[in-house]
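A, B, C and D are the chain letters, set down in written order, and residue numbers restart from 1 in every chain.
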């Protein structure tokens, strides 16, 4: 995604076991904060199809 | 490479006559310059139709998917790597195949040559590393090395990695090749530059899907672009939909692509969609020291877990 | 017999305006037809009176049901031209559009585009015996046909009318109330059948459509026509039965289905040979089908 | 039909006058290939190209086209009701369309303009367009127009045929639209007796065509015999099921209709479709009448070379432009297929009588 021109940080991966509830909450908070900081994605969106 | 033809015909004839295979998948001479047609031979008396030259760029592994017959198949380096991937992914069984290895000296780039001349090209022949081109108002010779397909010029696996027969002596592999100069150039761009680059790259796409259909990796019974329940991607000529198709397709080739160039070669409007797959290919090499289809013994990086995985999130 | 093509459609309504524009309609009533709840009958009422007048149709035709945001689906018209003020469609829940339709409720707005295709050859059938064979949910345009034929203004145009209609179980039969009503009449010979049932009160036939046809249907002759609509497996085994009974292939009339989009012969996907199922069909004689590649 | 002559040096001035009354469109080079594009201010069509990569069909029939728009917002009175989309059907000129592409437009019209139904989008775009053709003096080796019912100087479907003659153009004006084109451009035209010159040039161009197809026996051939013939495995083996041949073809017209919703706003669009795609004919049940590659390849060639021939009696559904021949990624060649179909022996008399 970043390779084709999406800002870094929009995609994040994590490995969380079903037993790791605290880690899950922690990661979700971190990711949402990071994305909020980036603001809305402006390039890779399709508000309306553009054709003839 | 045209001297391979005789040897290929002989091997094919023998395999069919001894009933070692039911069919041979190879090429027959094309009807336009710089094109050959993938072709199947079922009878020993037809083996004279088989040809081999620098216009056999289609990846023949594409024609193996889910076949039930015993098959003799011609395989360049890249074809053989895709055959390995096909076997690993259970799309064909090794026992069904007699692989006729064809050590490859590279395929010529039809589009590049066409663009070099103003008039129409009428005939292209080869002679000892040289390409003879005759057309409306010109008659010239080029060094084959100068008109190779991009991926062939950068190829480091010209010899088949797996074979039962050989159509010729193995060739020397190209050394000191910098395979990823183009990818590094892209990596160095800013986010906005990257976005603009791909916008321009894809603007001619007509969604004929020749790239995915020429690709031996794209064998899903229903591609995600065709799926309607749910529908993943819009079907119009919208630029975002086109981009979604191309980059998702590339993802599906991660760790599997051999850079055989079939996609780029097939594209009717000349898009180099290899810039998507090459990035993934480079990452697989950098991160996992992995090149696709090199051996039947090792599993691809996306279906193994290693404690020394370079990505920290997975630990 | 008259070749059934759209060319012989004398009184077709010509949409010079925009044949892709659906008429807006309101869902007036939804009836669950079968015990598996996969078949519902929709009664649709036109929002504009003028559209209703423009929509003149014949039994055997179909229309495109249009759901804004989902797409369109070609469905046989189950109501009869003699029933005024509404259209009826019985829809099987199968794909994207029909699944969404099954989630809609009375009062919702949708669209209807049509009528489309040719119809059963009513001119040819006049003065003849008509055998109607239906299976499963392919009984919709047959309902339309029966209602039309039984209408007081039309009944005298036909000789004997025989109907063989079967479903897997009693609960899977469409239009049960009407079936029972027709069963009681003496101007139509009804043979309802189910593949199997454990209902001790079931007083009709048990057995597949082909053998029931063999026992109950009239002999074929030049004055007797068979109309057959049903799943491919039923058609496959009914055809030899009809041949045995003496029906020639130009006296066996069938309605075909193929994937369609435009419904007006332009989008190019529903062809069998040079015939377009949507426009030159969907009604063909077996004789016509025999001369066409079987790509349906 | 009048033939006029005007100097090439006045070409650009004329086009600038035309721009005030028309939208102009013509072949433009992009990354090594030519495409028909709307011409920008002062942009000139490039008449140096042999032919465009894609045919001119997209001018009248865009690959993606909006049909209707609607709202799903139930607070609005007309929610879920389809509404026409505003489109630009103002007069437009296509400059430099080749005679093959123009004839193809005429063939496609048979599909969109019928006695029963008229396709409003196609017809209105077609009516708005003036086709200014450029005669083809350097046909490609893959062209076989002369035996496909067309030719390098063919006039069907054109309003004007331009012939490039050194420092000037000869223009054969064919229709009312063509007259308006010449008048609006305001070129200093002299009526000339160029018929013999054009005739000479036509003969010279036709003599350059090296590819041919034989179609004489297609009409009389039996559909079921052709369909069941043994030739199809050989023809279809290499096909990869892409849509290149159908998308580059000037006469292929199949389309798909799609709904797309963004928030509460929806659109119904149509897109080119291809009989080469497996999902083209798949039923909701999963059954596919043309599920195999062989069946799909057969459908494409049977449609062009047999079904169309029988349905319209206007020859084959092909103008011999050669695009599918030169652009098929695996070199399936319609010229070869046409020969195979045409040469197929008729069923023997006994079988035919059956």
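Operating definition for what follows: a residue touches a chain if its C-beta (ideal position, glycine included) is under 8 Å from a C-beta of that chain, and two chains touch if they have at least 3 such contacts.
This one's a predicted model, so the numbers in the text were calculated from it and none came from an experiment.
Shared contact partners of chain A and chain D, listed by label: B.
Across the two candidate interfaces, C-D and A-B, the one carrying more C-beta contacts is C-D.
With centres defined as mean CA coordinates, chain D is found 38 Å away from chain C.
Taking each chain's centre as the mean of its C-alpha atoms, chain B lies 32 Å from chain D.
Per-chain CA centroids place chain A at a distance of 51 Å from chain C. In chain D, the residues touching two or more other chains are 62-64, 256, 258, 260, 269. Shown for chain C are the residues that touch two or more other chains, namely 95. For chain B, the set of residues touching two or more other chains reads 234, 236-238.
Of all residues in chain D, those touching chain C in their complex are 67-68, 70, 72, 79-82, 84, 111-112, 114, 116-120, 223-224, 227, 253-259, 261, 266, 268, 273, 275, 280-285, 289-290, 295, 299, 302-303, 306-308, 310-311.
Chain contact summary for the complex, chain A toward chain D: residues 46-49, 51-52. Chain B contributes residues 30-32, 35-40, 58, 62-63, 111, 115, 119-120, 122, 136, 204, 206-210, 212-214, 222, 226, 234-238, 265-270 to its touches with chain D in the complex. Taken together, the chain A residues at the contact with chain B in this complex read 1-8, 12-15, 43-46, 49-51. Chain D contributes residues 62-66, 260, 262, 265, 267, 269 to its touches with chain A in the complex.
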